[in-house]
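Residue numbering begins at 1 within each chain, and the chains themselves are lettered A, B and C in the order written.
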Amino acid sequence: MSLLAIDRVKVTYGNVVALAGVSLAVGTGEIVALIGANGAGKSTLMKAVMGQVRLAEGSISFDGVSLASRRTHERASLGIAYVPEGRGTLRQLSVRENLLMGAFARRRDPAIADDFARVLERFPPLAERLALPAGTLSGGQQQMLVMGRALMTRPKLLLLDEPSLGLAPLIAADIFQTISSLTETGVSVLLVEQNAHAALKLAKRAYVIEMGKIALQGPDLLHDPRVRESYLGEVALD
Amino acid sequence: MLLQQLTNGLMLGSTYALVAIGYSLIFGVLRLLHLAHGEVFMVGAFAGLIVVLWFSLGPFAAVFGGLVVAGILGIILELVAFRPIRRRGDNYLAPIVSSVGAGLVLQEVMTKLFGAEQQGFPRQFAGAVYDLGIISITSTQIFIIVVAFASMIALHLFVTRSRLGVAIRATSENLEIASILGINVDFVIMLTFAIASALGGIAGVLVGLNFNAVSPFMGIDMATKGMAIMLIGGLGSIYGAMAGGLLLGVGEVLSVAYLASSYRDAFAFGLMIIVLLLRPRGLFATGIGEAR
Amino acid sequence: MAYVNPPRPRRHARAAMLTLCAGACAAAAMISMTELAHADVSLGVLIPSSGKGAAYGIQQQNAIDMFMEKYSDLGAAGKLKLDIYDTRGENPEAINLTRKLMGGDVVAIVGPQFSGEAEVSFPLAVRGEVPIVTPMAAKPGIANANQPWAFRYALTSENVYGPLLDAWVKHQSKPIKTVVVLMDGKDAVSANDGKNVFPSVLKAHGLQILDTITFQTGDIDYSAQVTRAKALNPDGIVISALYNEAAHVAVELRKQGMTQPIVAGVGINHPKFIELGGDAVEGAMAGFDFFVDDPKPAVASWAADFEKRFKAQPSNAAAEMYDTLYLMRDCIISTGITGKDIAADRVKMRDCWANMKNKSAPLMGTTSIEKGDAVRSPVVLEVKGGRFSVAQ
């Protein structure tokens, strides 16, 4: 049974159909990439998982539990960590407070301190800036912060929306390296990326979404001619 | 004389600050003006008065009574005047109007219960006068300053050291991010109303003790001052409200002392306009007011 | 607004019909009038039952209720009727209601109560040729400027402060040479008293004003003003304000350690002054028309009855209303007002007030009218043991 099961989900904004019956699954410990053009419905799908948009039709279940009646913070408590596009650092809060807010739903779990130490180990630049407001960090550091904050929730599933957006290539590579190492700890990842090449290399399986519908899916889309033509562009030459 | 005037200003400003913090806290989490907050302040003052008159208890009990009653009233207002409207989607006007309505209802109810006249604390609450030469201060005034600053320090520790306090600041900065971190934002909003209102209630009792003028209409002026202070301090900034409250209190007193009493309110709003011209987002800009 | 709602105006179809007919069909009206035994006599009453002056209006409504219980019978002229309206203490409302009453069947208007209201209502009454008597408004000149139709029953502050300062200066153990005047700059009477009336009377008594410091009606923080007064170290303090503000000023004076004797203007005549002021107003002196602990039997029994019924001591506002109504009734009976010919009745009423000489009323003694204003000697009072009492 998959950890996250999205079943024929339809979402509309007024008259505009954003998702027209999307089904998608993420298994335990699996990295799944979701690629598609701007406006294809990638972010909407993530918001649907988090309960930030209302489903017109279909259902989403997580870990065997239907999410229908769960509110956003309850879904977070179940073990879904979401890193939205544009990162979502709390700029007024310090780096330390951002990380500790990641563990909000765990209340007074004694293991929080260990996880905190581990996150700082994984992202050393954060350790040097714990007391600074998150708004003062660079883009790359902010991306580290939100990844670290997501890890502080001890998620079963990580929803990453465009984690490399706006980052220098070296830093982006660093982030992808981190994502790939996460699976060692048993975390599942649903990754939305405009850098389709990197995403498809990282993911075991991938979905291609077009106009609110899943157009393609499979384990080896990196070599699929249609994907190479539409989404990999010049990268296909290498 | 200047030192005494500064003391006078500090007395006034510390209560202004407590009220203004309430506006800032609530504006922070809801991006809305809570226009019944002045009446929460007023009800707190009456609660303190009742504790003293009906149960013959002292000033600490009065402050505690004001805190509890106002805190509960704040929760009720959130549940009755704000939450049902919030559930129906984005509408900036409706909750503002419903809070104005709630404020008027509170004024009328208190007028029916206690009359329109001003009421004072019993005379022993005036306290002993300590004449220190350059300034004179009463024991009650020392109590007021101590309670006001202790409340602000307690709030500071709460929002920086406690999990829920940081959650309030997180919610204040970005409600959606807070909720994806597992924060129950409805609960946090209710908690914020409780804290903001409790501080308003404390301020009500302190103003009642200091100026002996508890009436159903005492919240009206305080509300306008509180909102002006929030703008001076920076929308949603707790520390801005503290600094702005003290600044306005001292400024007002000095304007009365060295200009004329008729400039009192003009000075308050003049100060607000000047601050906003020089620093459009207030003394302690929070970034609230930009797109979230 | 607080605990008494303004009574609804009592319009009676019979009287209304009469007025209508008098204009439209005089001959027929003559017949119908003779058929009616009593026309009854109506007075208009304007009081602030709600709003900023509600405390006055509520007291006055109580006095009206007591008066009507005892004196509503006019003998041959039938019953006394009152058309009572709430001005909310607001000038526009006072104007509207004065117009409304003038157009009706009232023989005279009792009110309005505040000087601001009286200033705008009196000229209307003069133009409409209806006698108008304010029981309470104290600002100098308002009745004077609207002769021959406007009168006032309250003593003006000019007539009060002379005897008051005589008594105050004599009363102190230490000589008083300098004073600071603390005044409400927003309240019309208090500001005028503080700026004009007190200074001229103080000057006549050889007292020097070190500074005149203002505050505003509704202020609650008086610390800055008092600190400024303290720095001047005067021998005495003059407070020209209404009772709430005056009490708060006195409290702040004592709070900042000032122990100088206080003399206050006419606005403080209300039990709330002592209730809010507590120990701080002990020893403060003021001059009034009326005071509640007057040992005269007529006043004592009336005040006791009032306090028993309404669980509050009567203020001068209540007493002035009661006496004004008493004199109105006296005029109705003595000049033969019938309520049948309103225009003639109004002239009779006007002349009765204009020529009033040493006419005695139950609560405030004998009153004469000079140029529209009442003249009689004030009572100089001192706050002693939490009550007003006659200064010895």
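One rule holds in what follows: a contact is a pair of C-beta atoms (placed from the backbone, for glycine too) under 8 Å apart; a residue touches a chain by one contact, two chains touch by 3 or more.
Owing to the predicted nature of the structure, the values given are computational and were not obtained by experimental measurement.
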Assign the assembly's chain-to-chain touch graph to one of these shapes: line, ring, star, complete, other.
line
Would you mind checking which chain's C-alpha centre is most distant from the centre of chain C?
A
Closest chain to global C-alpha mean, per-chain Cα centroids
B
Highest contact count belongs to the pair B-C
Using mean CA coordinates as chain centres, what's the chain A-chain C distance in Å?
78
Centre to centre, by mean C-alpha position, how many angstrom separate chain A and chain B?
41
Each of the following residues of chain C touches two or more other chains, namely none
Touching chain A in the complex, chain B uses residues 163, 166-167, 169-170, 172-174, 176-185, 286-287
Interface residues, chain C side, partner chain B - complex:
1-3, 54-55, 185-186, 213-216, 218-221, 223-225, 227-228, 230-231, 244, 247-248, 251, 254-257, 272, 275-276, 278-280
Touching residues (chain side chain A, partner chain B) in the complex
50, 52, 71-73, 76-77, 81-82, 84, 88, 90-93, 97, 100-102, 104-105, 107, 135, 149, 153
Applying the document's contact rule, which stretches of chain B touch chain C when the two form their complex?
1, 4-5, 8-9, 11-12, 111, 115-120, 122-123, 126, 129, 131, 136, 138, 141, 207, 210-213, 218, 221, 252-254, 256-257, 260-262, 264
